[in-house]
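Below are two complexes that have chain A in common, paired first with chain B and then with chain C.
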Partner chain A sequence: MIALTIDAIIAIGIVWLALQTVRGANVFSAIIMFIVFGLIMSLAWARLHAPDLALAEAAIGAGITGALLLVTWRRVHVLEGRTPQVGMAARSLWLTLPTALAAALLIASLGWVALTLPAEPATAGELAWQRLPEMGVSNPVTGVLLGFRAYDTLLEMAVLLAAWLGARVVASELRPGALPGPAHEEVPLVGALLSLVVPISLLVAVYLLQAGGSAPGGAFQGGAVLAAGGVLLCLTGRLESADQTSLIERIVLILGLAVFSSVGLMMLPLGEPMLAMPGVWAIYLIETALLLSIALTLVLLFAAAPGLRRSS
Partner chain B sequence: MPSELLIGLIFLPLLGACLTVLPWRWSTRLGVFAGLVSLPVLLVALTLAVIREGAWYYSLGGWTAPLGIRLFVDPLALLMLWMVAIIGGVAAAHAWHDFRPGTPEGARFWPLWLLLTAAMNALFLSADLFNLYVCLELVTLAAIPLIAMAGTATSIRAAMRYLLLALLASLVYLLGVALLYNATGTLDLYLMTQTLAASDGPATSLAFALIAVGLLLKGAVFPLHVWLPNAHASAPGPVSAVLSALVVKTAVYLVYRLWLWTLPAEDPMQGAVELFAVLGAAALIYGGILALLQERLKLVIAYSTVAQLGYLLLVLPLASVTAWQAASYQLLSHGLAKAAMFLAAANILHAVGSDRLADLERLDQRTPLSLFALALGGVSIMGLPPSGGFLAKWLLLEAAWQEGRWLLLFVLVLGSLLAAGYVFRILAAALRRADPTEAEDAEGTSPIGRRQAGYALLLALLALLAGFGAAPILEVIDAGAPAGWSAP
Partner chain C sequence: MSATATIYLLTAAAVFGIGVYGLLQARQILRQLLAINLMGGAIFLLLITLGGGAEGPPDPVPQAMVLTGIVIAVSATAFALALLVKLQDATGSSDLDPPDAE
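Presenting the complex of A and B:
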């Protein structure tokens, strides 16, 4: 009964927050609603026994995406002196009504179809459970991401690299300027807080990476947590944008893709197939490289800068 | 040995992209060389292997499907890979001058270009629906910033519009994939067929409908083409060339794979091919008319892409070996001709400073080589003999005739007439004599201009040669016809 009540609250909350996000003209409150929406979504994943997804949703969906949206709002609001409003087109009934109807139709047919789906277990998922012991890790999500479907994860790292390269192209055309600094005089507690929170974000990131082998966690969640530490350093003015990407930054950006591909290719001369993992150590090596690339990419995207340096 | 070729086709450009991120000039040169020049060499070996052994699968990581991801190579994949290597290679050579390694523009351009190449190769080789989603995302996210590299406000706005619509398309596609996985328990394109034949729930129909909407949006098929003309017309020349010749074809390629390979012949969703044909016919006519009305050269060529994509969908209900040849040949010859036209248009834009048709008088004196390339590409687009485009359209007419599809026959002829209209309109504008003074030949006198024109001319000549050298190509392609299309 309690479980059902919690589920009902989450379900209603998700729909209500989604509605609050899309209606109304105020972009700022929409962003806040979106962040809360992400947090409730992560609760929903947890209720559905998908802790890995819950962690990813909280760290990336709510955390990093929320930070990106807020910093964009702040750039437009503070630097350009404009208060972003939802455009007139988005508020006209002639556009929103058909869009809403089409979306409702889609959701209704998806729901109807989901009810008619046979309840038999999915073959590939079953197989993954059976053959997980061969991987040397006991977390099935890590087994799929770094083992059975490692190729997908590898290409996703390429997608992340493309996202940064794309942001670099747009930034070089539009020159968004430096990140807006803190709005007021720094409170003495900021330094103390940072010296506590940033090391913790590193610790949590490494823990998530290490735990990923047997429990929920892994490079993507760990990378997002580490990136959160970096975002804090940017926000408090400890890190500032640089005009150039340093050599170390470039190496870290391609580290995930390069290490993953190299380990995958390594086994070819030995007659093994491409991307056959030589052992559990290889999985941890790759995940470490992925974590570093993910964290740096996310911080650079947040700063909308080619590189970062310590502020003088 | 042959399977290592597949790995090379994907991972050489991917690692090349990593190299070009590094700051040195030599690393960029090495990355481009390793990622692009190697492709034709690998493909020669791969072609020989496909002729010898036919199609085959390769399980990545040694995990067999449905657990793992498989690569699949067959004559259709081979054709697409060749197009990436040749068209992408020549366009890259054209881009080399504007985006030199060691310059800031070059540093931004080459990593994205190599990622785009790797992503297209990966897409044409993948046999897994979710992996194809990742490939589609990578293609989109690498292609869109390349449009913004033009640096104009129009190009950035067009890129942003493309990004938003492409993300919507990906999301819709992914919804369909999730439904299909739930209904069949596998993500493998070719394993799915057996399960699909056994089940006939509304889930699979909805899934295929969603996937179709996603792909038609990514493929800019009328009426979901709204993002294409501005995006393709405002990009830098070599980028426009690969966008029109290759990137939109990735979505059409997936429509072919899903409807001709994955979907069982008796599935009710096979009825969608008739809808595809109607959309194709509408695209052909609408794109042709809009191309006739444009005032700028690159927009004419971009709308021509909207129209020419129509042929690729018209083929679907015909289901004969002739139709199969027509589809493959249209993929090939449109790719070559359209890339040639965009490269030539970039040269003309560079020499004249504008691509408004009103400003293009006396091009036969100002940019004779590029104009020649543009005209040769146009010949193939119109379908005049002896070009590759002629062969494609002739085969298509023949296939429609065999099936007794008179309306289709009429649309095909109308489409070619419209194409002739917009190509001749460009030529008429280019050959006008506005004032009698003799103009200097901007291209012939500068070695760079001659070389840039040469790349456009090379692709245009290849499009023409495709008409002459058809027999060996068609022989390989015939072997890869989908089931049900091969038997006469």
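Presenting the complex of A and C:
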């Protein structure tokens, strides 16, 4: 009964926050509501026995996405010199009512279909469970990500790299590396805070990576936590945007894809299928490379800069 | 089907509908991106609940797919945000219908 009450509270919270995201009085409060929505979603993942997703949602869905949205909001709306207060009310009632009705109808039909959907008799997940011991890792999600659906994970890295390349291509020449510097004099506590938080983010990232084999965690969650440390260094002006991507940054950006592809091709001459994992060491090697690439790509996306360097 | 599964399936349906409503209603592109992200979140919730998350550890395959989906969503959002900044540089406005056009 208590469990059901918690589920109901989480569900109401999710729906209410989604509504607030859509109806927020201004864009800023809508973004804040969306970030809180992500945090409550991670509670839902925990309730649905998916702690890997809870970690990913909190670190990536709410954390990094929220930071990206806020920094873009600052660039676009604040630097535009006006914060548009036009909310939903700006649309005429004649448009709002039919849209709301159609959305309500959609909700009702989706809910009905979801509730009446017959359960799948046999799923790929059962096979994955059966063959998990062959992978040498006991976390089934890591096993599926790197063993049974390795193509997905490889191409996911390609998408992340493509997103950064795309962002670089369209990046504005007018505002190169519009990194938001601290607007005020440095507070003495900032340095002390950073010297605590940034090493901890590194520690947590490495822990998540190492734990990923047997417990919730993995390269994606770890990468996002490490990226959060980088974002903090950017926000406090410790890192500033460079004009070019340095050689080291280029290597780290493609490291995940490069290591994953080369390990994937390595077993090919031995008659194994492509992307077959030669052993547990390969899983950890790939995960380490993925973590570094993910973290740097996310920080560079946040900074909207070709590269980063230490502030002088 | 357990009560927990029912709750989360209905939540997913509601959030998806709210996302569609927000996407159609939003005047600012940032709001549209938020709405699309809400819709994505709803789909993830649906996948995991249908994968048996309410009863015990859900099917690891949908879990891995959703984990991939979360990373793809942040990649796509980041690219869209870069396009938004570019749009503002090109047109001077980040809204769908700039005030001077009305």
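Here is the rule we go by: the second predicted complex is superposed on the first by the 273 of 312 C-alpha atoms of A that agree within 3 Å, B and C clash if a C-alpha of one lies under 4 Å from a C-alpha of the other, contacts with A are read in each partner's own complex, and residues count from 1 in each chain.
As a convention for this text, contacts are C-beta pairs under 8 Å (C-beta built on N, C-alpha and C of every residue); 3 or more make two chains touch, one makes a residue touch a chain.
Just so it is clear, the model here is predicted, and its values are computed rather than measured.
Overlaying the two complexes via chain A leaves chain B and chain C side by side, clear of any clash. Of the two partner chains placed by superposition, only chain C is touched by A:A304; chain B is not.
When the shared chain is aligned, chain B and chain C each come close enough to touch A:R149.
Shared-chain residue A:P273: touches chain B; no touch with chain C.
Applying the stated contact rule after C-alpha superposition, one finds that A:A128 touches each of chain B and chain C.
Contacts of A:L117 after superposition on the shared chain: both chain B and chain C are touched. For chain A, the partner that touches more of its residues is C, with chain B and chain C as the two candidates.
In the superposed model, A:H49 makes contact with chain C only, not with chain B. In the superposition on chain A, A:A242 makes contact with neither chain B nor chain C. Residue contacts after overlaying the shared chain place A:A163 against chain B and chain C alike. Once chain A of one complex is fitted onto chain A of the other, the partner contacts of A:V206 are absent, as it touches neither chain B nor chain C. Shortest separation of chain B and chain C in the overlay equals 5 Å (C-alpha atoms, whole Å). Common to the chain B-facing and chain C-facing surfaces of chain A are residues 110, 114, 117, 123-126, 128, 148-149, 152, 156, 159, 162-163, 166-167, 170, 172, 174. Residues of chain C touching chain A in their complex: 1, 3-4, 6-22, 24-28, 30-31, 33-35, 37-38, 41, 44-46, 48-51, 53-54, 56-68, 70-79, 81-86, 88-89, 93-95. In the complex of the two chains, the chain A residues touching chain C come out as 3-4, 7-8, 11, 14-15, 18-19, 21-24, 27, 30-31, 34, 37-38, 41, 44-45, 47-50, 52-53, 56-57, 60-61, 64-65, 68-69, 72-73, 75-77, 80, 84, 86, 88, 90-91, 95-96, 99-100, 102-104, 106-108, 110-111, 114-115, 117, 123-126, 128-129, 140-141, 143-145, 148-149, 152-153, 156, 159-160, 162-164, 166-167, 170-172, 174-175, 178, 218, 220, 294, 298, 301, 304. Residues 4, 7, 11, 14-15, 17-18, 21-23, 58-63, 66-69, 104, 108, 111-112, 115, 118-119, 122, 130-131, 134-135, 137-138, 141-142, 144-146, 148-149, 151, 156, 159, 175, 179, 181-183, 185-187, 199, 201-203, 206 of chain B are the ones that touch chain A when the two sit in their complex.
If you check the complex, the residues on chain A that touch chain B are 109-110, 112-114, 116-118, 120-128, 131, 147-152, 155-156, 158-159, 161-163, 165-170, 172-174, 245, 247, 250-251, 253-254, 257-258, 261, 264-265, 268, 272-277.
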